[in-house]
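Dropping the structures in below, format is structure tokens.
Each of the next two complexes has chain A plus one other chain: chain B in the first, chain C in the second.
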Partner chain A sequence: MSVSGNKSGDNLDPRVVTVGLILGIVEFELFTIAKGITPIARQDAWISVILGSVIISASAYLLIRLGARFPGETPFQYGEKIWGRPMAFFWGLMYLVYWSGFLALISQEASMANRVFFLKSTPPVIPILILAIAAAWLASYGLTSLIRFFQLNLAFLLLPMLLVFVMAVRNMDLHNFQPVLSNGLMPVIRGTVYFMGTLQGLEIILFLVPLLRSAEAAVKPALAGVYVITGLTLMQILTAVGIMGKENVQASIWPEIVAISLIELPGFPVERFELFLTLPWLIAVFTTICLYTYFLVSGIMGILGIKKRGAVSYFAAAVIVLGVYIFPNYPTAIQVRRYFSWASIFFLYVLPITTLTIAVLRKKRGGMNG
Partner chain B sequence: MKAGLMVIKFLKKTRFVKKTEKEPKTNPDTPSGQQTSCISGDFPAVSMVDTAPRDSHQILKGSKKRFHEKLEYNLSLLAERIPNPRLICENFTIGSLAPKKVAAVYLKDRAHPGITAEIRKRLTAIRAETVLDSSYIERNIENSSWSPFPQVETAEKPDIAESALLQGRVVIITDGSPQVLLAPVTFFDLMDTRDDTYMRWFVAANFFRLARYIMFIFAVSLPAFYVALTSYNPELIPTRLLYLILASRENAPFPVYFEAFFLMGIVEAVRMMMVRMPSQVGTTIALMSGVTLVIAGLWSGIMGAPVVIIVTLTMISSFGIPSYDLRLAVRVLQFFTMIMASFFGIFGFAAAFFYIAIHLVTLKSFGVPYMTPLAPTDTGSMGHTVFRENTPVMSKDKTYKPQKQ
Partner chain C sequence: MGKITSVLFGLILLLLPMSAGCWDVKDISNQAFVTCIGLDAVSDPDLPGFMDAAEYKLTFEIINPAKLADNSGGPATIIETVEAPSIGKAVEILQSRISRQITLSHLRVLLVGDKLARQKDFTDPADYFEKNAEVALRMRLMFVQGHEARDVLNIKPKQGKSLSDELVALTQIERNTSLAQTNPFNSFMQDLRTTGGRALGSRVLVHENRKILIRSGSAVFNNRKLAGWLDCTETEDANWITRETPAVLQGHLDGLFFTFRADRVKTDIIPEIREGKPFFKIKIKVEGNILEEQGRQIDLSNPENMDKITNTISGVVRKSAAMAISKSQKEFGIDYLGLGQAFNNRYPEAYKNMDWKKVYPDIPVEINVKCTFSKSGLAR
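Take a look at the complex of A and B:
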């Protein structure tokens, strides 16, 4: 079986896990998460995010433990050892469906946002085609190149978001977060589960661990990555709820962007602060599309045993382009996305942790460490 | 489409034939790849005219010596600066009809054996009748001749070559060329100037280096960003600025992108004019022509003032890039980003940058990732590459290490 297409002889620095997680997970949903989580946890959405980050950190640690048990092996290779060939093949197919579905969803969202913000009269398929070709091109170079691309773009993602948050602080109203826990703990817990489901891309840990110089050393970078994502999510929720209030957040389509557009800083030469968010938004969407294209390509090669990486990459590009046409309208896509976030709980946490548990119980380990 | 593919196939084929053609590759008198120490008692004499500095750029600090067209003299310059037996010189003779001497110089135990072996392999693989200039060697040994980015650095000053040798790089000297090649190279080597290194205060050096990075981004993106904002998303421009732009374009007959392309074209024409004409009159005529065209365009209302400001800023920024080859790449990429921005606005502008970034992260120079130490990130090496750290001696890094992927 193919080694997921990573033919690199280089061992990556474990610190790449941080950048891999940030750029891989952060995508358009970051700018709409307030809309998804506020109806559930209301003004306590920020508590849900903090609570969720603790559980996600523990999950990230367990994913690294799973990868570390099988040094140099991809999830598809050790999946067969743990689950047996038929079950591993079934789960592999399920992941392929999951990744394809996510790619289609994200391309639909990117297309919609692009139509609203940038290209109002251009057919949506054209910009998505441009992104899809670029994503397939990058994915065909493998995960090492993908991580380099992430490293190059990290500052362009983080700095504008930090800048916007600093500017937004002045306009936030703390009353919008009060009273704390007035609806009890259950909405917060449900909000936590929802937040956990939005972190699609966490499985990058399983793909990165075989390439690392030391899997053990990846724990701290992984935690750092999770905390940075938590920080960014908190920033978005605080900005949206703090400026607009929970009722207005629910009524808005893109609450974070609307909130940013309400910022006023007299004397500052910039008026429309949402301009600062266009760069992180485009980078976040593109990097996530690239990562999922890579997952899909590796999955098809690893599970179905197809060797032609270039052809598979451009097939993945076709999935991205078709994504624009799968959903009849944007509200349907948003609805499907909600269900997808719940389904992600199974693919991101339940299945990998169950796999680790079975590996421990059945004393399965990789060949390299006996 | 089919014709395009045929052209690409043809070009690939000709390039392939060039490398595999069975021609006598070496002069039998001079064995290729022979390793000798560069240290010898001889120091060939050259005329005063040959050593006088050219005006390709100003020299603020440091040696004014430069390389000469004579290979032996250039080797002596290096040997004079590094009088150490570990300074190794590998001699090659390239050309079947008019053979030229080429030397690869490196410091033993400093240069990575993988890199020296790769350079040796690529030099011996060159099949040509002659080598007119070091640029012929350059285009034959670089990783991708399709890439707009130079994968080998050129240098005219022995101190730059010395610094490269001490960092573990290889200096390739071609007989008949006053420019030597330094390999491998990263993007940050091309943004480096020796003034940064010789500057006393590291804060100022870092400030100017940062300014250069900003100028690089401006040079690639400013006209495209202007076109994208004004053509597709004017609502993102601050209101008062937008009013000024609209007022200046009130009677303009052409769309913004046309103005931008037109002016960028004029800038390129003026540049070419300055290069091709004698220096005594060339600068004056070029400047006069450019200024006259712009003033006439503004007065007649054919073009708006903002686009003139944008294009002039872009031109100034492009001169902040120290490497001529990199500047050349930027001048072409400006048009690529402008085309994308003209068709797809801010989205196209971002997409153009994604394509450039993908190319940059997948490009290599002799196995060394082009964007190292930024991507792959190696914070330990940034002090001597991306920034200039505060050290009493020249810092050494491990940037020049080939990677398989």
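Take a look at the complex of A and C:
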């Protein structure tokens, strides 16, 4: 079974883990995360993100340790060794449902944002169909190709976001972050857990490790990736809460985009700075769709033993397109997304770390390590 | 062969939806750009043909592209007034009168008439603009004292092609003056939400002959409704506490009448609890230089003279800030200066447990002013 894309022997430099994490995890939710965290942690949302970065980086380290125990093996292969076939099959099916659900959600969000900001009258299925076909085609070439594509796009994602943040700084009001910890530590901790759940895509580490030249050398790039993502999230929260205040953040649907639209540089002939976010948004959504299409395709092939990659890829594309229609309305999708973020804690952290614990306790290792 | 057929089939499938044409075509020559909206209450709330009585009178300023290139000096705008039960309906009615697609993407000013601002909870009419993705929420929000917003839109702009241009330009210039209050739409809404309905808004005055427009003073909001007005002097007083804007001060010293420009103002509101009750210290730092001396000239290079002048200026600022506090506490009884927010930031538990509206008018406030010179005050 060569679902990992490792058959070419073209081992990747461990530094690509940073790129994989950033492009794989960052998606439209980056522009809505303030809306999700502020009702929980209120003006202390930024503390939740900083706390979360510590826990997420520790989890990323543990995921690398898990992958490193089974060199050259995909999660589906060593999952069977650790959990036994029936349990591994069950967990595999759960992941398939999780990935399919996430693909449907992200395509619904992309479609809605597209309808509001860009193509109001165009049937939503058209842009999503184009995205889905392109994603399925790209994902069919394997993770190595995806990572190369991610590398090409990294600068186009990061630079506009940094530029927008720099422009936003002078519009922020520090009073909007006061009083600090007025409701105690519990809301901040709950906000941290919520933030951890929004990092869908962290499991890319498990899929990337078998393709790397050295799993050991992937720790620093993985931590760098986590810190860049939390840095971007922190920037978005500081921008949204700092410019709009927590009450207005909660009153808006896409607070980060609204906050950027409020930036005003006196004497500067350009307005509507939120348009700078168009490119990062498109790249972030497309790369995440690509990654999850890959997860779904490799999952179906690895778990169900289906060999026809082309057919499976187009099934994944169909899931993306159906995502536009599966939710009756956008508020339902937002609600489901919140539940999804809580459920992600299990799939991103609990299950992989439990798997590592069992592997250590049962002294399970990959074949190449003996 | 099979592959070629699949690719061709896929291409045809992709191209099929495009045969219907471009859904979202936005030709600039087919757009009607609304640049300013005036919101007023309807005097006679009946509108034939509608189940609900008209509550809003909306006056739209729309760019007239044909006149943009005309150098004759007239305004390049069309003014249309519509009455409707809701703002969304008013926009629809307007569309039936305009041959181009109405767009609010260039809406820059929202004017609200005195009567509507007093009658309506402002969050009601504001909601349409918050929900409309086209609208830039940083648009200017201004309240018209004693008149309808429509009266402002009927004034011919002195300079430029539209009144909205002139209003926006005025708000940009007033960054350098403390006589007016600038609070854009988004920031005003934020104030209403964080304080439970209290805010200071921008004021527009229409001169009696309805031909001159003045931007100064501010609108006081309480419970999300207009509660009263501050004139330009009262706004200047309030701005020592709320805005930290440059200001021009005047003072008398031993026969000398001088004018001082405060280039930099820094205000710290420090809440305290003394004997279980709220107490405020307001520290104002002013930095600037002497603009003019009248009556007699004094030696500005003499440190003793400078000390006398800084003491005089500090006294003027202290008195001005005290007037603002007194106006807010005793006359209005409304905390539009943001002291409650500062107290909440420092003592959230204590704030939750007190009725701020009741407590506020009697809170003691201590004002300290420190004045320094940025330049010597000598010529050049």
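Keep in mind that, in the parts below, the second predicted complex is superposed on the first by the 363 of 370 C-alpha atoms of A that agree within 3 Å, B and C clash if a C-alpha of one lies under 4 Å from a C-alpha of the other, contacts with A are read in each partner's own complex, and residues count from 1 in each chain.
Keep this in mind: a residue touches a chain if its C-beta (ideal position, glycine included) is under 8 Å from a C-beta of that chain, and two chains touch if they have at least 3 such contacts.
Quantities reported herein were computed from a predicted structural model and do not represent experimental measurements.
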item	value
Partner chain in contact with A:261 - chain B first, chain C second, else both or neither	second
Chain B versus chain C as contact partner of A:86, first or second or both or neither	neither
Which superposed partner A:141 touches (first chain B, second chain C, both, neither)	first
Of chain C and chain B, partner touching more chain A residues	B
Partner chain(s) touched by A:328 [first = chain B, second = chain C, both, neither]	neither
Touching partner for A:131 - first (chain B), second (chain C), both, neither	first
First, second, both or neither for A:184, with chain B first and chain C second	neither
Partner chain in contact with A:119 - chain B first, chain C second, else both or neither	both
Touching partner for A:272 - first (chain B), second (chain C), both, neither	both
Shared contact residues on chain A - chain B and chain C	117-119, 122, 126, 130, 271-272
Chain A residues touching chain B - in the complex, by the definition given at the top	7-10, 12-13, 15-16, 19, 114, 117-119, 122, 126-127, 130-131, 134, 137-138, 141-142, 144-145, 147-149, 151-153, 269-272, 274-275, 278-279, 282-283, 286
Chain A - residues contacting chain C, complex	116-123, 126, 129-130, 133, 175, 178-179, 182-183, 244-245, 247-248, 251-252, 258, 261-264, 266, 271-272
Sites on chain B touched by chain A in the complex	232-233, 235-236, 238-239, 344-348, 350-351, 354-355, 357-358, 360-362, 369, 371, 374-378, 403-405
Contact set on chain C toward chain A in their complex	10, 14, 17, 23-24, 130, 133, 136-138, 172, 175, 184, 186, 189-190, 193-194, 341-342, 344-349
